[in-house]
């Protein structure tokens, strides 16, 4: 289609399909994300945004198509022209390349903020605890929670919890960060602090895929915006193109509904 | 036998609920009784040791059959019906003896007085059959009401029920009564003579002829050197002693 | 970064040409090796067990023969009757203890607490033995004219009923209490406001609502009681295990008769389980998160 | 109607002059006759019981003497050790069965369901008898070279451990399952997202959270297990009830020794109850309605 | 104070005190309610309004003072110049003179609307069931729920439940109806239907004491309005007097807070 670029894409999604029972949730999605790019995905409820993210880090197994992350085919091994499922441990290893931040935070409630952050580095990556703690403190400081390392999630506000969740994902040193409506479970006054942490992250050059309804954030930070509907990508382009002068009628309808 | 020689001990099943033959000393918790001391003497005579294995009455016959133990030395009656599954070396005579509360001894002077009364005995033993046989012969046949058999969990429970008056009389091996009566003086009184005599034997596996011969030999030795008589006297069992060793003498 | 705009569903960006095209490849169906290994191991084990039971020293015709022997069937009957009786006594005592526990009177409360402590703190088998041997403490029961010999009153059946029922009452009182506490305080007040006395409001308003919370644990306890009656064999109550033992004392077919008893227990329990569900549905009437 | 306006706290309207003034009357403190009657009846009953026990045919010096007899103490020790051992086995089996029950493999699920059905459907006492008599079915255990005579393996202690532990496992699996289901699905996903395998996420994330739901019922089950070991007396395991029985077989002091055992059980259970509370508090760490 | 009127008051409250533990909830309340009168009680949260209602129908026992309802001294019997507690059955009988409607409805959830209404007449008053059912149907029609007799409370809206609760109280043929914030647990769109039922009741001549924050209702329906604060009656008078030109500063402050 277009000429090969300087660097290969970090994520390459090719004709991905996903069924849940009889329901066809993704109907052939293709998408490339370049290193350092910030991509926002918007779309109505049920359009498959969450499912797409979950396919990328293999919380959901795809039915057809392929997803490459950082040059590796995810979930499968090619052998003799056929695709073989990877073992669970292999999949777990591949997941280390991506960090994920959930809508409902999903912090581990029995661990303090610091313990949440070092859990992955120490238990999964087998790094030295002292080193992990030091890095975790730096990450907490970066999301503005230096004083909360000993707090349990139950004693943190939603916004604070979500920032700890971001730090937890970053602690694994991922190449790619996935955000699934990171602010939609927050009280309005707490949204800003989380978006600020995400902007800082984007500015630092992290590759990010962000599902969000915060059009202001998308406009300000996103390199590209993708609009999904009914399990398909309907429109993609720069934030300005998609948000200000959408070509598709469905996109226009969605935007006018969200903005009102 | 080589199995016992190599192990250096005979494994014997015992149920310590039948004083004075088999019991645990309440003070020390050690196994003791006539059977225990006889067994130790016997083992010494045979140049080996006794290893006691506590089991339940239900399991004893199964235990020699499955080889859990080499012998049963626990006041077991040598009955024809049991000779299919085990071979007995007889060492004591037992009589199925009715007894009642001392306070009611005047009421029951002969076993026949028990017709129509409630009599308890361990349901795990052959005693219920003896009661039935007695009742059929001495009560029903003579137009009197039958003896009512009340099952109990063991002979100790039979005595407990007797003391409570739940039953009018009980039956157990007569050989044990003198000791029991010494333990709880003025509580029990025998009713007449035993209604049936049986032999008590050391049970062994049917095919263990070598072991059977050795045990019989050792027992004869103990009888000859007076150990047998001494132990019997210590446990108030003299009237029940035998003069010669028999194999499967029971009927 | 060259934001592409392309028709929906098509490749959207650049560079993937560098990656091999796997779209034509078929996916090899997943084989869960470890999982099937576990299944195989378990299947082998089960097969071994079944074979052992089949060829082992179990004589299945004995099992079949004694399965409906009169002694066994009467034992079964006694098991069921005793379970129902002891459960009924347990429920009555449980309600009384629960009402006492929630009374304003500290003495009554203390008695209810002590009752639960005493009977939940000791094994049932021990309680059965104590009831059965009560005559060793109280040779007679009653006062003056109306007095009976304890042993005449305390038959194995009565001792089992008391032992099992009183023990059950201690557990049931906790269930009842939880049920009564689950009913909103406003219900008591509404009942009072239409002129009901405390007892009538308990009967008409509180208990029917508490049932929804009470029935499921009570169903479990009843199934437990079926099995608990087996302990009454030690005090000569002729329930099914006792019947089985009586037969094997006579013929030494220990395992066969234990299997007969086990199968009967499984049958009763398996029949009761769906019954419990029906009852639960019945008492959920009108529920749906009101109040 | 004449709406009055009057200073606060004063009589506000008309006509009450017609009613007698009772303001000077003192209130007679309420006497709860029925209540005190009940208390009196219960007190009488208790006093009667205490007196009966005191003057009855119980020889309390026997109780005191045998309370710390070596046999009793070793029985007590065995009771505690067996409870801990059987509970440990039960927990291990319970976790295994719960994980199998939640697996995707229908065979494993079926095995877990069958296990719970079989062992929850039959009385423990029967299970104990079956294990103890296993040699009647399998004379030897093992294959070829490595084979032992069943009776050497299946001592009373081993039979009790297996019988009680396997039975407990069937109950514990339900507790474990409820605990695991109580953990939010998002926790599994978050664990996966930081690269954990299923087993590691169960160990590090799910179980520690499930503990809060698991510990209270498990504490109750442990207390139940203490009492359940008493059943092992029928297969000659020398726990405390068996010790008491051995002594009363020899000296006929039935009630006295049953009382000794009962007191010991009450002591253990009473000690454990606050221990359970401490444990519960420990595992509530970090809880406070987050997620 | 003033001259004896034509008829004696239906409710006469004389210097009533109530403590909850150390807390003095009613500090000497006196109040007469005439037959056929509708009296509204207003006041801030915690001022003792609910407690006063509960004293009148003896859900709470008073510590000092006296309450007469329909000429009977409630809760006590006078004997030798001393007051003796009445037995529970006597108190239950006295309560029949009053009906009560609760803020949280408190319908019996295991009974249908009709069963809720006939429960008192049949079980407590021992009236014939057929007769009770007939009257209950009439009452349901009166509160506009003729078609809901077979519904369980869980399947009724809050406003419908409250109207059933009014019918349940009326079924006992009380001389006096007590309402404790009958509309404050309702969604705003359901308030009107309940107030309408109450207006109809007031118009039929029922004596009513209504604790409410619905000043519109008070203005339209109440013969008298009472303002309570801190366990005391601060001001009482016609609705117009108290609501439009309150004499007390506290009343004015309360009214302006409620109206804004």
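Per-chain numbering from 1; labels A, B, C, D and E assigned in written order.
Here is the rule we use: contacts are C-beta pairs under 8 Å (C-beta built on N, C-alpha and C of every residue); 3 or more make two chains touch, one makes a residue touch a chain.
All of these numbers come straight from a predicted model, not from anything done at the bench.
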Chain labels contacting chain C and also chain D: A, B, E
Pair with more cross-chain C-beta pairs in contact, given D-E and A-D: D-E
Chain A and chain B, separation of their C-alpha mean positions in angstrom: 82
Geometric centre distance via CA averages, chain E-chain A, whole Å: 58
Chain B and chain C: spacing of chain centres that average the CA atoms, whole Å: 42
Rounded Å distance, chain C centre to chain E centre (Cα mean): 47
Shared interface positions of chain B, touching two or more other chains: 59, 62, 160, 163
Chain C residues counted as touching two or more neighbouring chains: 133, 136, 139, 234, 254
Interchain contacts, given as pairs of chains that touch: A-C, A-D, B-C, B-D, C-D, C-E, D-E
Residue numbers on chain B that touch chain D, as the complex places them: 16-19, 23-29, 54-56, 59, 62-63, 66-69, 154, 156, 159-160, 163, 183-184
Chain C-facing residues of chain B, complex: 58-59, 61-62, 85, 123-124, 150-153, 160-161, 163-166
Of chain A, residues touching chain D in the complex: 57, 59, 88-89, 92-93, 95-96, 98-100, 102, 104, 106-112, 119-120, 123-125, 152-155, 161, 168-169, 172
Footprint of chain A on chain C - complex, ascending: 1-6, 8-23, 25-28, 30
Of all residues in chain C, those that touch chain B in their complex: 133, 135-136, 139, 149-151, 234-236, 245-246, 248-249, 252, 254
